[in-house]
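Below are two complexes that have chain A in common, paired first with chain B and then with chain C.
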Partner chain A sequence: MEKPIVQIDNLTKRFPVGNSEFTALSHLSLTIDKGEFMGLVGPSGSGKTTLLNIIGSLDTPTEGSVEVMGQSIATLTHKQAAILRNYHIGFIFQSYNLLPVYTVFENVEFALLLQNLSADERKKWVMQALEWVGLTDKAKSKPSQLSGGESQRVSIARAMVKRPQLVLADEPSANLDARNSHHIVQTMKKLNKELHTTFIFSTHDEKVMQYLDRIVSLKDGMVEKDEAVLHIQN
Partner chain B sequence: MLAIQLAIKNLLGAGLRTWLNVAVLSFAFVVIVFYNGMLDGWNRQALKDTREWEVGNGQLWHPAYDRYDPFSLQEAHAPLSGEVVSLVQRKQLTPVLITQASAYPKGRMINIVLKGIDPDQQMLKLPTSLLKEDSGEIPALIGKRMAQSARLKTGDKVLVRWRDKNGTFDAREIHIAGVFDANVPSVDNGQFWIPLGNLQQMTGMENEATLLVAANTHTVQKTGIWEARDLDFLLKEFNEIMDSKKGSSKVIYFLLLAIALLAIFDTQVLSVFRRQKEIGTYIALGMTRAEVVRIFTVEGSAHSFLALLLGALYGIPFLAYLAKTGIPMPKSAGEAGIAISDSIIPVYSAGMVVTTILLVVITATVVSYFPARRISSMKPTEALKGKIQ
Partner chain C sequence: MIRFLLKGILGDKSRSLLPVIVVCIGVSLTVLLNCWLKGVMGESLVMNANFDTGHVKVMTRAYAQEAQQMPNDLAILGADTLTEQLKKTYPDMDWVKRIRFGGMIDFPDEQGETRAQGPVVGWAVDLLSAGSKEATRFNIKKSLVNGKLPSTAGEALITHDFAEKFKVNPGDEFTLFGSTMEGSMAFKNFVVSGTVRFGSNVLDRGAIIIDMADAQQALGMEDAAGEILGYFTTNQYDNAKATAITTSFNAKYTQNTDEFAPVMLRLRDQGGMAEYIDYSTTMGSLMVFVFVLAMSVVLWNTGLLGGLRRYTEFGVRLALGEEKNHIYATLIYEGILIGTIGSVIGTGIGLSISYYLQEVGVDIGGSMKNSTLMMPSVVRAAITPTAFYIGFIPGIFSVVLGNALAGIGIYKRKTAQLFKELE
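Coming up: the complex of A and B.
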């Protein structure tokens, strides 16, 4: 049995608010295996984004342990956390977060610039990633020239281009219409199948949920329900 | 390398704002080079003129002589001893005798100093060969400033009254043999240059001098009673005036530079504030905060590289043109008491240009760094929320 990619034990996250503290996550435990296509759901304020941020080493636990690919998030240095994100974790944001002055190609290439790859290799990988999301013809466009769906596909390409172990997608469909929502989740599902990348979503979106293999419901910073979804193949 | 690439891209992507900053900074850069070039050129020209017209390669002074105290002239003269005479004969020194006098051009009285100099001397640029005329009268050379203030011209005659070494007044008509045009006010204002022999005779100071000017082949050292005054001593005031000119021009260009730097600082503060989401994204993509600080710093300091390029684009033709034609100087500038010609040929030394480039690049980097440093205390999660887009 392979080690889980994310192992969370008794995680508590508190934020200082004024002179007191607000508990966003409370004694939360969760195990996510490699290759899962799973989602965090729950009402607004239930702690989904907070949890994704900690898994992504953008934030640290207050108590408890979070291990990602065998590394304890609490003890990583800035440099180690940056390397973990750069090589192994892809982020997809609700508002895409593309860099406006770069072309589509350069936006996707950015993740690779931090790694020591030759220009030829980078080009090959970027074009491959753009092919996955069906945007090879937009390589030279600027983000401002793209539709919302296209922008989110670019950000998927950017997250996937380095072939990370783990992709964290925080409400990726929140700004998209139904057709585009289906499209991007289908794209990610395909990559999950082909590359065995683990995907963790946070979402309110029924259209996204129907593709997930596992849904973890959060409420007040705790796991309320954790259920596997059976897809009827037809 | 990556940081520079990103910085240039971000800067160019920012468009007009970048170019405004760059334009102001490039202007400051060109003005600094221009000012320094002008001052260096002026300095060089003034130094050359002062040496050629007045101080030579140093002087020997009678111990009582004080150039700022005309009353010292009564005492400050002595016969030339054997050793000095031989140096004079070998054209290593030329004696100058100085005495106070009054002149009466057109009935007015003005105070002057009479300076006796060998008409055959060639150490100073004074056209003393004009003093060799033999008309039976005592010839005098005056500078254009003296000529103007006394309203005298070549060929005029003027009554001059002086005291001999016993204090007895005597007077004679002197003939203006020539008016010279020197950029050095201190050989001109209030002075009549006449043949040394005549002055020695008029004052009864046979074979005496007040000071001796050294040729370029001679290094001054105390000789007999004569005190050595080297160039450092003689040019002390000159250097002080130059330094104060440099000081006051620095104020102007530091002000300009400060404006340019303020614009960059402002842009940086705004960038760090407005581009939080971008900062968060860089971190999510695997940069450390220190690396993001570096990108933003390089981005701010890259203004200076663009400014140098732009400055070179219009500055080089402009400065080269000035180096060819010279910078016309206002007439009043000569009254500062320092040699100045009608136009100054600026001198742009490599050292000065390099220093200016470093000044611009380093200061731009510093003002870029301080706002960018704030990034290192930002929480990536807060940055990603990007309160303001």
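Coming up: the complex of A and C.
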């Protein structure tokens, strides 16, 4: 059995609020295996984003241990965390967060700039990523010229272009209509199948949930339910 | 990465436009100020050296004490011998004797009665001996309005404004009244050979220039001179050399306690000019410093505002695996790029205005009416090689400092919090 890609043991995260503290995650344990297509669900404020941020090494645990790809998040230096994100973790945000001054191509290329790749290689990878999301014809467009669905597909391409092992998607469909929501999740599902990339979602969206293989429900910073979903093949 | 930064700067007008404009203004002012000071200082300095201080000047100690009063009773005796000595010891320099004097001139009418009378200051310089460069130093040829240079003994030049006031023309005679070295009354008749305008209020108010030999004779100063001036043959003042020569010359007289022993002063040591230059240089540097400070504060604030808008970008970049240090470094690079763009444009603008002021000049005669500083009444800027790069220092420095201060905010915020701004 391969080592899990994410191993969380007894994680607690507290935020200072004024003079006291607020506990966002409490004694949470969770194991996520390579290649999973799973989601965190739960009411607003239940700690989904907080958990994703810690897995993505953007934040650190208060107590407990979080290992991502065998590395302990708590002990990573800034530099090590940056390298982990740069090579192995892709992020997809609710509000796309494309950089408006750059073209679609450059937005995706940006993710590769910190890696030692030649311009030719970068171009090849970027075009490949745009092909995955079906946007090769929009390479020269500016983000302002794209629809919401197209923007989110660019941000998927940006997360996927470096072929990370893990993609964290925080409410990726929240700003999209039904058709586009289906479309982007299908795209990610396809990439999950083809590239064996692990996807962790945070979502409220039923349309997204129906594609997930596993749903972990959070409540008040604790795991309330953890269930595998059986898909009826047709 | 640079390509991305440049595109980011150019694509995001709010990030670049205001900083570039601010830098432009500061840099063009710096360049302009530099050229202006260089021009005014340079011309004043040359004029001062030529008319008054020399590159070095030898006087008696007593004379040096009150040089502004032209105390010819304290003049150097045995000036010819001393001049010859100086020429031998310091052949790099051109040594000339001069007498400055004050007096009265009197223009008679046909009957020989006084028609007009007025006080003058006078310069006695070597106009007649072959190879003398004094006429060039006084820029007489170019300053001549009417008539010609003195060609024989007994001829004098007077300033044009003065001549106009007294309705005097070349060929007219006048009597110079002064006092001898011993303090008794002296007078001598001269013929006006020409009128001159030097373009400096101090000089043009009322002055005459006569030949050295005439003055020595008229003022009873045979073999005496108020001052012996030394000029570098290169015509450029060289402070290091002047210091060396001055030190070696004065060393010979340290044991001598006589108040009539000669003393040599550098241009910089003499009345007012050094302070004036130092003052102007300090003021210039201070103004540039104030520009830099003001620019930095403005740019810091634009940087802060721009930075707030850019937390999304920083958050995304952090998520993509960029380090805070790297983001901070790119902010500094951006500062250098924006500073360079602004400095190039600002230097262009500053140089253009300076060029205009160099060619056209500004007439400050009106405001200099009572000045005792020897300054040209039309002052010009001077474009020196320095002007091409001097503006880049405050230009780049201020944006980099502004961005550096603004960028500290990235460190102040926790990564996850920076990231929160995304939502």
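Details
Going forward, the second predicted complex is superposed on the first by the 234 of 234 C-alpha atoms of A that agree within 3 Å, B and C clash if a C-alpha of one lies under 4 Å from a C-alpha of the other, contacts with A are read in each partner's own complex, and residues count from 1 in each chain.
Going forward, a contact is a pair of C-beta atoms (placed from the backbone, for glycine too) under 8 Å apart; a residue touches a chain by one contact, two chains touch by 3 or more.
Just so you know, these numbers come straight off a predicted model, no measurement behind them.
In the three-chain model built by superposing on chain A, chain B clashes with chain C. In the superposition on chain A, contact of A:Arg179 is made with neither chain B nor chain C. Of the two partner chains, both chain B and chain C are touched by A:Arg85. Once chain A of one complex is fitted onto chain A of the other, the partner contacts of A:His231 are absent, as it touches neither chain B nor chain C. In the superposition on chain A, A:Tyr102 makes contact with both chain B and chain C. In the superposed pair of complexes, A:Leu113 makes contact with chain B and with chain C alike. Contact with chain C, but none with chain B, is seen for A:Gln94 once the two complexes are overlaid on the shared chain. Legend: residue contacts after superposition of the two complexes on their common chain; A:Gly56 is shown touching both chain B and chain C.
Contacts of chain A with chain B, set against its contacts with chain C after fitting on chain A, overlap at residues 53, 56, 58-59, 78-79, 82-83, 85-87, 91, 93, 95, 97, 99-102, 106, 110-111, 113-114, 158. Here chain C touches chain A in the complex through residues 1, 4, 7-8, 11-12, 312-313, 315-326, 414-416, 419, 422-423, going by the rule given at the top. Of all the residues in chain A, the ones that touch chain B in their complex are 53, 56, 58-59, 78-79, 81-83, 85-87, 91, 93, 95, 97, 99-102, 106, 110-111, 113-114, 158.
Taken in their complex, chain B has these residues touching chain A: 2, 9-10, 12-14, 277-278, 280-281, 283-291, 379-381, 384. Listing the residues of chain A that touch chain C in their complex gives 49, 53, 56, 58-59, 78-79, 82-87, 89, 91, 93-95, 97, 99-102, 106, 110-111, 113-114, 158.
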